[in-house]
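Next, two complexes with chain A in common: one pairs it with chain B, the other with chain C.
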Partner chain A sequence: MDPETQRIFEVVKANVVKVLTGLDPALVTIERSLTELGANSVDRVEVVMYSAEDLGLDVPRAELHGARNLADLVAVLRRHAGA
Partner chain B sequence: MRVGIEAINFYGGATVLDIRSLFEARQLDLRRFDNLMLQRKSVALPCEDPVTFAVNAARPLVEALTPAERARIELVVCGSESGIDFGKSLSTYVHHYLGLGRTCRLFEVKQACYGGTAALQTAVGFIASQASPGAKALVIGTDIGRATIRGSYVEPSQGAGAVAMLVGQDPAVLELDFGANGYHGYEVMDTCRPAADVETGDSDLSLIAYLDCLEHSFAEYARRVEGADFVDTFDYLAFHTPFPGMVKGAHRMLLRKLKGASPAVAEADFNRRVAPSLRYCQEVGNIYSATVYLALCGLLDGADLSVPRRIGLFSYGSGCCGEFFSGVAGPEARARLGALRKAEHLAQRIPLTLPQYEQLIDAGLEWVFGIQDKEVDLTPYRDLYDRALAGRGLLVLRRIRGYHREYDWS
Partner chain C sequence: MVSGRGFAGGAGTGYPALVAALRADRSAIRVVAAGPRVPALGAPAEFAAEAWWDGLAAADPALGARARRLLRNVPRPALLGAAAALEAAREAGLPADAPGDAGTGVIVAGSNLAQDWGFANAGAVLAGRSPNPRHAVVYADSHQVGAVSELLGLRGPGATVGAAAASGHAALFQAWLWLRAGVVERCVVLGAATGFSPVEAEAFALLGASSPAASVAELGGPFDRRHAGFVAGEAAAAVVLETEPAARARGAVPRGGLAGAALLLGARHGPEPDVDDEERAMRRALAAAGLTAGDIDLVSAHATGTPAGDRAECAALRRVFAGELGRVRVNAPKDLTGHTFSSAGVVAVLACLAQMEGGFLHGHAHLADPIDEAFSLVRRAEPARVRAALVNGFGFGGFAAALVLTSA
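Take a look at the complex of A and B:
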């Protein structure tokens, strides 16, 4: 993982752990999907929105729809970060 | 001039299904059961349709009027996404079975779960225009879930019900803040009913669109209403409730966005201002066009109305259109609502076993859109009919003859 992807993934991971209270952070790897980690639909949207906010990105919500795992999500955020 | 809701009532069906038992029978993930925050849902019998639900919700309101007042109902508008004819509106049947006068506009509106609000705002505009001073309008949201995909995660929330509201210049139940409306609409393909017996879509995309509309509708409301604050302006909130867990998530997100609220602060605020609106929604399920008004009924019956309270309402319909608006309810509302005993009516519903529920779905599938001639055959569910509807004086469908629906009182 290159440094920029790693940076964005760490932001996403922090929000996954924040939203899914009690989840072991070691389980949050980039290949996993939020659903596998136990996130419901509201949790998934929250992780996406909070991550975009923390990164200072204004990403249209509909564009974040369709990310099937954390790698997809990180890729969308990275594209908006212009990196 | 004052304008708003003079009286409100809902009809939540005659039979009911326990949601946990549905999850177990369908082998759905029970973790998602907790997220739904839904206990039971109303189920329609095949002899019930959007017309019977609408009439059964509205009849107590109409019967409480004097003949002179009844004659002033000059608009009957139904909001529904469960239509039974492309041309002839539900309102024509509803108007007939309620015995209303003929100086009356009759039509139906559709915009998914926003339909009830589209109907209400149309009525409010008519009353406020003073084109016919002293007139009243009857607004009804009426819908039945189409449970064609058994075992989906949408099935547990698909309910059946109707909410009727009398709109006029004596708004004892909820005086609307006229002009305090923030709305937001655009095209998105989230959920839809593309064929008469199909209800489908993408629930994640729908959640995203709901949140988008909530945020932008409230922002527009705040732009129009000087000093409006999401926390300080509203004593209570009632949102469109596809399932209560979604409202909880939406409230938490908006509060975080507007106020930077922590999850604990959001939880406390939710319990204080939003939870009272969920009491009937948790018992009936999603009733689409009427859901936000079912939430309002729960709030009006459960909230402390000893002094006037400002209520913020958020309506959302897939496709999509959202609106944030508000009104004031006080001690007068409590007095008007008391006689309807809605909680008691819900407690009278007959609980269904899973096999009975399956049987009702199968029997309902025979009543596809566009039937020309068909008699209602009560035989497969005679016992349920006898226990749930017989002798209660509720409207039921008897037959369709030459496409014309014929109803009778049970």
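Take a look at the complex of A and C:
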């Protein structure tokens, strides 16, 4: 994982752990999906929204609908971060 | 009968905190705002979610984790409600429902419970930001019902029942009907805390319904000649109601009984109290309980501290109790808790159960000069035997309600 992807993944991971309280952070790996980790539809929106906010990004919701796992989410965020 | 009790409000977190405040005539009312457009006085709960979760987790890590997950990023009334409901369920020893069970009912008193949360989210949207991601779920009337159901593992019928300040009465009336109809053997009734926004605070002040007092010293409480409006209080209150046979079969300890209930409309929609309606509600609740005014030891008055409301209730009580007026004791829990709106009826029920079990009557902290000397108002807490109590509750929309409670 390149440093920029790693940086964005760490932001996402922190929000996954914040939203899914009690989740072991070690389980949050980039190939996992939020659903696998126990997130419901509201939890998923929270993770995306807080991550975009933390990164200072405004990401159209439509671009996130196809995301199948955290790697996809990180890729969308990275594209908007312009890196 | 009532088998479980829970409270989270201005008096503290936990039913014992409410009992202690009642025994000491300790008011939760204090200065909470600078005014002048919004009322200066309030009776807020000092509820710390982290400490509550940690306390739950210390005794039961799985429960603590479930509560933290379920009640993170939700309106404050949902947190207080969950704390009260969980306490009541634990006291009752209420088991979670298995999928094949008839199920335990869940009724939440009050329907528009998160006004302050909505106000904050409106502000975000007006400023061009997204609303809270949970808003679509937690703004709904169903949120607290669902949260209590999930927290306690209950799978029976559920509903919110609203009647403004008489919501607690309406919810208990509904639960009483469910039990009598055999729909459920037990039901959690949660009087939800009401989270007013500055909009409601200003609107009540505009109507002259809330007290303009700038300090506690200036405040005239319910039935006091200086009364000039209610003081908003924040509290969630819960009871577990069960049929006698079901409770006995489980070995549940009775804490008192809901012997009769009445909920009536007045063919008028506004805020004005109506002496005839209040009288009808009290008489009907007594009849439903198979009791007369002579059987009642204590009236827990609706008495919010508005001059029109207090006077109307006195007039209705004069009619119902007539020759018993000097004997029956009267107190107003809102003097100590503030007016907790949606939960007010359930708070008053808890207060009566506490007085029955503890052998005392609570007094008032903001009553110096009563508007009507004919009543036997409890001035300061005193020992007493309470076997039957009448609990009044009236709400905007023309609601008049009354409950009859009997000691265990």
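To be clear about the criterion, the second predicted complex is superposed on the first by the 83 of 83 C-alpha atoms of A that agree within 3 Å, B and C clash if a C-alpha of one lies under 4 Å from a C-alpha of the other, contacts with A are read in each partner's own complex, and residues count from 1 in each chain.
Heads up, the rule we're going with is that contacts are C-beta pairs under 8 Å (C-beta built on N, C-alpha and C of every residue); 3 or more make two chains touch, one makes a residue touch a chain.
Only a predicted model underlies this, so the values are computations on that prediction, with no experimental measurement involved.
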item: Chain A as common anchor, with chain B and chain C clashing or fitting; value: clash
item: Partner chain in contact with A:81 - chain B first, chain C second, else both or neither; value: neither
item: Touching partner for A:30 - first (chain B), second (chain C), both, neither; value: neither
item: Which superposed partner A:42 touches (first chain B, second chain C, both, neither); value: both
item: First (chain B), second (chain C), both or neither touched by A:65; value: first
item: More chain A residues in contact - chain B or chain C; value: B
item: Which superposed partner A:22 touches (first chain B, second chain C, both, neither); value: second
item: Footprint overlap on chain A, comparing chain B with chain C; value: 42, 45-46, 49
item: Complex contact set, residues of chain C against chain A; value: 65, 68-69, 72-73, 130, 133-134, 136-137
item: Touching residues on chain A, where the partner in the complex is chain B; value: 38, 40-46, 49, 61-62, 64-65
item: Chain C-facing residues of chain A, complex; value: 19-22, 42, 45-46, 49
item: Touching residues on chain B, where the partner in the complex is chain A; value: 31-32, 35, 188, 202-205, 207-209, 211-212, 245-246, 248-250, 252-253
